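Here come two complexes built around subunit A, the first alongside subunit B, the second alongside subunit C.
Our next item is the complex of A and B:
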């Protein structure tokens, strides 16, 4: 079909219905354009804060739209099957919009302290969030790639946002090169899958592949190449090398944002493509992912032990956490995918919270993220010390925090699906992880080190306290979020 | 709501106390602990001995998707440990010196740890049990680390946590495995006891549970965290840490490992491995205690030896043995805190815990010497005092299962007087050396141990008061 043939049949009602399906993305896009204009028009002196306000409003609006559609509207395919507004997409829309709000809340005072341009920063974050949302809504390989690039390009720039900081520049360059490399892998894999299946629409691929095409070597190679690219993006070992360097170099709010956002978006992509498009080749990609999960848990946890920089430590912890989440993806089904969504959602609060506390430590000259920089935190600002303790215990998986319940769900799914060996490995490595998470707490509660009070801006405080409260509350009462996660996983989890 | 109050009250109280001015902390802490003791005591008095099953149950759906319930209950096994925990918490808070730095945080953490331990004994749902089991580690870690004594308390604390976690994180595989492999999708302990998975699965699951409990108890050869942790722990903490937390491991054996896995046979039979380790713990603990000069370490190793008797009784798989084990859990929880308190007071008066540096204290501390005699005699199992009955019953049970176990275990009874009396004699009698103590124990300290001394006599002379409540329930809970 040519464009001329398609256009007459594409009426206004169809256009509105399609736009409705992607309305959380569309509203955010509108606000982003508005923010760009505002940033250009308003004189620099009065500009401070306005763009941040626009960004928060847009994110809140997008979140509200997603919530409304979740509750009252029927999600379905849009744009001839290129995208969808199903519950899976909406779950991630809510996640990304919440993450965006948290990021804006902690970055305002950080940017002022370091003397960085605020407007561009928030606009880049919005762009990246739009990319993530597109990724979560994508039901075509083309849209998947579109979202992937959109989110990555914005983050390449954001990682280098500290222009006078060499490490930040290095991080940006490294991220660009490795990210481009990963994108190439994904694209190559997609091309091969397209060659085997004859279509880029993911539901169509599932139908094509169920038949004779399943034995096609092109398809196996395609899975491997895409798997490698995805592993890069979730920062799973052995494709995690870029993570610590980029996390360390990038300004902390960017690190906080991408440690949660990119990971969640990449998992959404894995589920969309593998569970959605290639269910008949599950044994192949499950074996690949099981290998990646096992390596990530071992490498991430062991490497984290010796780190003296908090950003690097949390980067390796993120590698290990990606391994845990992959267990849920491999297990699949209703409980497996629901566990993945639950974990990604609560991971946002515990991991972001930890980074947010480190953000407070930053000075005008740069980030202070060595373990020793935390020393005396208890005396400088005791609520932050208590919250940091909660985040670390949650990441380590202690009950009654969300980290424990997330792991309980993931591992239950893993054992149910017959991956007991992977779960046993995960738990053995969790013991290792306790060592380095607790190591972070040692300076927090030590009686030496700085003594001057540590001030936190109201918006940062609000974001961190909210993360801390939810890190416990969603564990003590996990039911509602778990129901939501099950509903979100419905498109791929079966009844 | 009664049982919920037993763990929630100390937790909420503890959190509040951590943030109030230190000078009010102790008395508010005592108040919270006393109210908790009152509630626990009330439950014990209202407890119906003839009823086979959990009493005072509370059940609310918690995570319906995984069939997890907030399900509490007490039976003849757990009620005693709940009361013991509440009693020792009162004593521990009372024993806390007001001069301690950040005394409010210390008492807050103590109450939180006590809440966690109460939860372990009250939980009837496996996930809930696990949550409390892990959660009680957090306050214990902070107590050891921030308030620990000695040169490197942080090291002892992290060693304790990593040892315990190695066991308990693997136990999570067991918890999940019970849910999946029994095919019933339930975490309810009462239901799980009626359905056993296949022998091979039982073999594996028993291993992960038993490892966790063996480390916590601790059983030979998993005891190496204990000396450093007990050495680092401040004395008020030791009252509940040594008095109750070790029992959580033995309780786990009795509540989970024995009834849920009646036939854990695979490459070998676990039902013989664990009692063998228990016997090894009895002998090894006693020998190590003999070798110690530091009295705190001596008592710590004697604890390893005594815990061996408890586990031996549990794995006798008969009523005498298990009844004796429960009784002995209570007895040990009464004796060990008293021993640690006396060691601390002696060290306080004389400035040393080295038993070879002490001599001839009795004439100058007559009251102390008199009371300490009772505690020491109770610890080595003199008839008429509480420990004798429990140890006798566990050995009787072990004899019925296999005479060889009882015979070797009884060597521990012979060794106990060696280390206990040597310590007592050396410190209390003989030619006085050095400057001598700065005074006898105070009236307040005497009042602190009085309830423990009374209980030593009461249980020793009339053990039937406790065992009559344990018989029926132990049988009902463990044998169908």
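Our next item is the complex of A and C:
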């Protein structure tokens, strides 16, 4: 078949329909290119504010487009089945766009305080968000790999963004070497799955594998290799070693962004590939993920206890949280996947909020993220102390915060799918986690320590207050978000 | 069609897969045992190219172009990753001498 024969079958109407399916991504891509041009032509003094405004506008447009399509349009496959605009993709588009707006809001004053270039930073964040959205929309192994690399490469640069800071450079190098290693595993696993199934389109793989290829050793090896690579990306134990170092070294807004964003994107990828492409091999990958989930919960929670740096503590807490979310993925079905989507969405507010409060403490010389740096926070800025308390209690899973309901949904799904031992382990480990989350609150409410007021810029305050309010409000009224999560899980919810 | 016709002699696909597997394992071992960050980056490239070879071999065997498309895409990505990786390493070498990844150990706890 020559190109001239193929082209007439791909007309304008098809092109527009395909573009419509991925319009949240296309919109953001347009704004990112616009931001690059603006960064070139605008004089340096006004550059940073303008690029930040373009980034926020683009993210808001993308969010609006996703919300509109969610409400009024029918999602379906695009680009010969390489991508899709279904409700699962749109749910994650909304999540990533919201996360992007919060990140821009807290990073503006932080970058100014530390004297870092702002234009490039927002452009890198937009690139990474586009990668995450591509990942959530991918229905082909090729698209999954491209999305994964787009998000990772932008974050390698972002974590080394404080170029004069040795720790930031070290974080970038470690993230790059470990991330590249994980990507190679993913790619080799995908190559083996392609060889066994004869196609890279995930829905086609599901059809092929249900037939003859199910006992193929190539397929099993491919699943294991992809599983290892994915576990690296969600920072699940025993593949989590890079997480604390990278989280600690990277500038805090980047840490806040990737602690939520990469995790959500990697879970979207796991659901797309495993639940979407290999439903007939569920026992195999469920066993693998159950092992990873159990290790993550134990290692993450136990290692977090001894940390003195808040960034490292939250990194290990993130490892543990990845374990909880994996329970929902393993349980699968409508209840399990809806619980995963609900948890990932609310995790954004509580975890991002906690990092955002630490962002305020940063000085021109670097991040101040030791637990002792928090001391006397309530005398320095009492609203931030109250919000920090909400975030920590939510991460620990106290009612009526979102963390409690998120865990409740995940654990219920786990029990009803027959993984009682995993849920019991998760409950024991949640009790352990209360210790270190409350340990963070001790310096916050202590009467000693620094007393000079802590100033917060309006945009940071807005982002942190919004996260705090939603961390409670979505717990008091979980129904709307839960229904949205169920709708988002529909493509893989099964009967 | 499970064989390659190379100048009259037939070569089974499994030889290509075996070569790729050996390259991949060499790369993995290299990443795990070598200490120079540049060499580690090269080993990662070796692993990616082993995966590419697997893709192309399967593509030929299956008479299906998707694998070749995938290999082209991943070569582009590997180039981008190499560029960013070298840039980060050069930036580190400018500030300090880091011939050994064990020197990059300020972050721990």
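Assume the second predicted complex is superposed on the first by the 489 of 495 C-alpha atoms of A that agree within 3 Å, B and C clash if a C-alpha of one lies under 4 Å from a C-alpha of the other, contacts with A are read in each partner's own complex, and residues count from 1 in each chain.
Throughout what follows, a residue touches a chain if its C-beta (ideal position, glycine included) is under 8 Å from a C-beta of that chain, and two chains touch if they have at least 3 such contacts.
Just so you know, these numbers come straight off a predicted model, no measurement behind them.
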Which superposed partner A:195 touches (first subunit B, second subunit C, both, neither): second
Touching partner for A:244 - first (subunit B), second (subunit C), both, neither: second
First (subunit B), second (subunit C), both or neither touched by A:177: second
Which superposed partner A:487 touches (first subunit B, second subunit C, both, neither): neither
Touched partner set for A:409, first subunit B, second subunit C, both or neither: first
Partner chain(s) touched by A:291 [first = subunit B, second = subunit C, both, neither]: neither
Superposition-derived comparison: subunit B or subunit C, residues of subunit A touched: C
Partner chain in contact with A:442 - subunit B first, subunit C second, else both or neither: first
Contacts on subunit A seen with subunit B and repeated with subunit C across the two complexes: none
Interfacial residue positions of subunit B with respect to subunit A in the complex: 62-66, 127, 130-132, 134-135, 137-138, 141-142, 145-146, 154, 158, 161-162, 165-166, 169-170, 172-173, 176-177, 179-180
In the complex, subunit A residues that touch subunit C: 141-142, 145-146, 149, 153, 156-157, 160, 163-164, 166-167, 169-174, 176-177, 180-181, 183-185, 187-188, 190-192, 194-195, 198-201, 244-245, 248-249, 307-309, 312
Residues of subunit A that touch subunit B when the two form their complex: 335, 338, 393, 397-400, 404-405, 407-409, 411-412, 415-416, 420, 423-424, 427-428, 430-431, 434-435, 438, 442, 445, 478-479, 482-483, 486
Residues of subunit C defined as touching subunit A within the complex: 17, 24, 27, 31, 37, 40-41, 44, 47-48, 50-52, 54-55, 57-58, 61-62, 64, 66-67, 69-70, 73-74, 77, 80-81, 84-85, 87-89, 91-92, 95-96, 98, 101, 104-109
